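Two complexes follow with chain A in common, the first pairing it with chain B and the second with chain C.
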Partner chain A sequence: MISSQNLNYDVPAPKSGLLALPIKFYKRVRSLPMSGQIGVLILIFVLGTALIGPLLVPHDPVSQSLINRNKGFSAEHWFGTDAFGRDVFSRLVVGTRHTILLTSSALLLSAGLGILIGLVAAYNRSNWVDSLICWTMDILLTFPMVIMGVVVVAILGQGTLNVGIAIAVAFLPRMVRMSRGVALTLVTSEFVEAARAIGASPSRIVIRHLLPNVMIEMSSISTLWLATAIKTETSLSFLGLGVQPPTPSWGLMVREGLSTLYINAWPSLLPVIAIFITIIGLNLVVDGTQDSLNPHTKDH
Partner chain B sequence: MARMIFTRLLLMFMAMFVVVTAMFFGIRLGGTDPAIAIQGSYATAESIAFLRASLGLDEPLWQQYVMYMTGVLTGDLGVSLQNGRPVLEQILLVLPNTFDLTFWGMIIGVVVGVPLGFASAIKRNTFWDQVIRVGTLASISMPPFIIAYLLLIIFAITFSMFPVNGGGDMDILSSRASHLFLPAMALGLAVAAYIARLTRTSILEILSKDFIRTARAKGVSEFRVMTRHVLKLSWVGIVTLIGIYSAVSVGGSVAIELVFGRPGVGRLVIGAISQGDFTMLQGAIIFYAAFVSLVNIIVDVTYTFLDPRIRYT
Partner chain C sequence: MTSTEIKGAPILESTDLKKHFAVRKGFFQRVTGQVQAVDGVSLSVAPGETLGIVGESGCGKSTVGRMLTRLLDPTAGEVRLRGVNVADVQEDNLRRDVQIIFQDPYSSLNPRMTAGEIVIEPLIIHKIGTPEERKARTEDLFRRVGLRASDISKLPSEFSGGQRQRIGIARALALNPSVIICDEPVSALDASIQAQVVNLLMDLQKELGIAYVFIAHDLSIVYHISHRVAVMYLGKIVELADRASLYSNPKHPYTQALLSAVPLPDPTRERGERTLLEGDLPSPVNPPSGCRFHTRCPVAVSRCKTDVPEFRDAGKGHMVACHLA
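Let's turn to the complex of A and B:
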């Protein structure tokens, strides 16, 4: 008889204390190449801005002022004002939260749905359910991301929530394919076989056995797509399909600034820089982690 | 081969049928009411009801659907709900503009991207490799409309080298080309960055293959290894990229048309959404879907010529 003490595998006890997690994170970050570390710094800055920035902004991002239109940089308005006399700095900071929150929640939604559909497809790999799912996803996949977003917005109407759904739908086929691929390698493995042998129902196998394993893989893959999601969100809000004026978002600020390019380019140039810095930060992190993981590109 | 093309075309039509059907019902059940969109929010209930009736929006949904689908099959995409002109006519009017943009965008993407990726792979981990990698990373980190915006600010506004706005006169070559240059460049640079990075990876992978080592071991010159062994194999991957990124460039063209104020299918779509112009929207999406599917089929056919290992039966 094996007592429960004997099953005590040699798992190192987590270091107690508040600092354990930050230290682990710091060590992980330091193991990245230089460019990846810069990327992490950029991301921390952007996330911090998104989280606490809107609480600290000096001006109301939507309050207009006719006498203060198109002003340059000053102590009062750090990044000047736009064509409606609104403070560009405040709009930029509030827009950060909008973009980050919208894209990450859209990706979460997409990953959740996509993983489930992918698992169902993988579990039914030999019958029509899988074929139907794959075929549908292939059709969706032929549409460019922005066009998919446009179609979804056309159906649901303009607005922030609908752009979120549009991004989620645009990423759905990619999520389904990935999770199906991951799950296919698991479905034939012994622990699934064992679960089936002791009479577990299909839904139990999918949710209790496959899902946790696929989740780990998918969480890192989803992060890779955050950059693409931000590009899609800014494109859609640039097209005027997302958040409606006067609420600020990066894409919309670029769009609004286009009409005053000759007078004052800053209200549109600054969000461009913000988009660029954010995505380059994400790409640097992704590049760094991939380089240190991929044996093919590592020593070439 | 002929059979494969036939099956793919059939699948393409089935897929487009599904897409159009989903669009048709989705938009009518969830989209903006075009009668309200046309008359504005101050319109009276009677005038909206009258407009709905005259647009044919009061008919049962399935009847509208059957009418629309028979129209599509005979090449009639209906009339725009906004201005009453035939949808097909309006799309064909601006299609050359959009085609110019995506076609030349792709050409620039391939012509710039493939050599860059090749150079980067051959000179790996040297100074030039780093320059190319940083440059392409920067380009990937911008949505195409932002590249377009920066080109617009630098070359059209600051240096006044190119026209700022519009599509130019399509019949005069110089005007057409000068209006096309910056938008196509923006699209091309966006695509080139992806193509360069993926070309680099695929060539590095080919370089680590056994037959390359064999070729070098038996004394084949480095130039010959590159041209006869590496380049020949890498074409398969590059053609795939062209297929994938022609879809991306179609997506990018929508926002780029807006930045440069070019007439095009993308502008029609954006206008149609805000005005609740269902028929125009459906027509434009049909065009996009057909374009993307056709490119995919052409890519699949090209494979068989490039890689003798791939054979369709």
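Let's turn to the complex of A and C:
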């Protein structure tokens, strides 16, 4: 989920026209190592499925058919049907939307808030603000991610939105610690001192000077964490705390397929494969972009 | 005050400036000692004048620079700008009047801002001019420091070290300051680039009448640019005099040792015997008693260990802190 907006900082004056951004994006992708390019392809495929897939699916993902239960692969039902006779292919595609969009928007929320808190903590590293933030985040960090999700869902109640909030809360301390760590190396550098010398306010220093300099690290680590977020969402849905049936999501599909695992494993197995491919794609992209996003390899 | 020929009232002066950093240890962060980074520094700069501060690493010269710009608050003593204590001056006005140029041209520029954004930022912060005026001013500043107007949209990583330092100078000039603290502005640059940047600073001084506090460890560059020079050792000024007087007739043994180790830009001068300093700079946590230099002084006598030498006029305003001078 590294957006092209984070990639274009070193490209000179953009060519005008509708194609400028896609062309730039294409050039950046082509400059990645092969594994990164494959990762980008996987992510484009997954994102495309999430965004437009649900409009194109051949069957209603929630309509049941008792005579069509547990069917194998066929021209009518590409990936067969599940224990309720629902089309597995359609459910998988629609589930992509729920899983991907839910986790990435939860992660964006968490990143937006967490990065800012982390920067404020780093800027106030010598006083009580930093201590307070660090202690709070340390306490939050002691909960394993899924337990944290369970706690939040238990407090707020079930539902898609609450699962998103649960994921955002679970990732918040990680975002804070990470951005604070990256920013700590920056706050002592001379350009921050220079900003103070010309009279920049603390909020200006945080937003104009620190934020742009942690974005590279944070966007690549967030991409990696998206994989963990997907796992958390699927775990919560698997536990029955996430997306509620009959709405499909990958985790929920794994769970619903369990009862018929020995008769027809595909309804469970296919979402697992989808999760696997998505996580591999994310990791390949992060790996591939590490070098080309690092300003230090460009500088010298 | 401490100066010989102040042209008019000093624009920036400090009195008995001290900066002690607490040394903390253990789980409860108990204060177990004080690093006396700067311990009683009094100096002054007149408008249009350059005061050089020299000394080895760790002697506190950069800390003095930070306190003069109020990037650090002094533990004791005061800094006065045009005779007014800066603690009472509105920060906004101070920022306009006292600027700083940093040592490292790489870390002193935000790598994610273009050169133009860096130079225009002070004008935006202080709400000076309309956007068009700011843009014109930025272009003017670029020309003045020897950069092209087409450089405005480039990122710092596209410039060389010397050019980056010029961007830093343009940023410092943007607010029309009357004093610029130059914290080792050329020590990270190549020798040939050093000369260019120093000459640029001198030209700007001639044109704009800016006063400089020029902090460096390179004595020949300080000789080139300064009107008066202060020598610092372990948080204190040990000698302060006119450039000519200090370089031709150094009175403090530390200054003599420093000068004997440096090739001077004057081939006609006889090089005296080299004085080699023994040992390392003592720890500022636990500075030596009496004269702080006595542990390494080649001519120290017994009273140097017990009595703190007075910082006094040794003739014609040549100030020195030594019992023997």
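Just so we're on the same page, the second predicted complex is superposed on the first by the 238 of 300 C-alpha atoms of A that agree within 3 Å, B and C clash if a C-alpha of one lies under 4 Å from a C-alpha of the other, contacts with A are read in each partner's own complex, and residues count from 1 in each chain.
Simple rule for what comes next: a contact is a pair of C-beta atoms (placed from the backbone, for glycine too) under 8 Å apart; a residue touches a chain by one contact, two chains touch by 3 or more.
Note that this is a predicted model, so its numbers are computed, not measured.
In the superposed pair of complexes, A:P22 makes contact with neither chain B nor chain C.
In the superposition on chain A, A:S189 contacts chain C only, with no contact to chain B. In the superposition on chain A, A:I280 contacts chain B only, with no contact to chain C.
When both complexes are overlaid on chain A, the residue A:I198 reaches chain C alone and has no touch with chain B. Shared-chain residue A:V151: touches chain B; no touch with chain C. Chain A is touched at more residues by one of its partners, and among chain B and chain C that partner is B.
Once the two complexes are overlaid on the shared chain, A:N213 sits against chain C while remaining clear of chain B.
Of the two partner chains placed by superposition, only chain B is touched by A:F238; chain C is not.
Chain A residues in contact with chain B (one complex) as well as with chain C (other complex) do not exist. The touching residues of chain A, counted against chain B in their complex, run 138-139, 142-147, 150-151, 153-158, 227, 231-232, 234-235, 238-241, 254-255, 258, 261-262, 265, 268-269, 272, 275-276, 279-280, 282-284, 287, 296-297, 300.
Chain A contributes residues 9-10, 13, 189-191, 193-201, 204, 208-209, 212-213, 295, 298-299 to its touches with chain C in the complex. On chain B, the positions that touch chain A within their shared complex are 15, 18-19, 23, 26-27, 30-32, 124-125, 137-138, 140-146, 149-150, 152-153, 157, 201, 204-205, 207-208, 247-248, 250-252, 254-255, 258-259, 269-270, 272-274, 281, 285, 288-289, 292-293, 296. Per the touch definition, chain C reaches chain A in the complex via residues 69, 71, 91-92, 95-96, 99-100, 102-104, 106-113, 121-122, 125-126, 153, 155, 157, 168, 171, 174-175.
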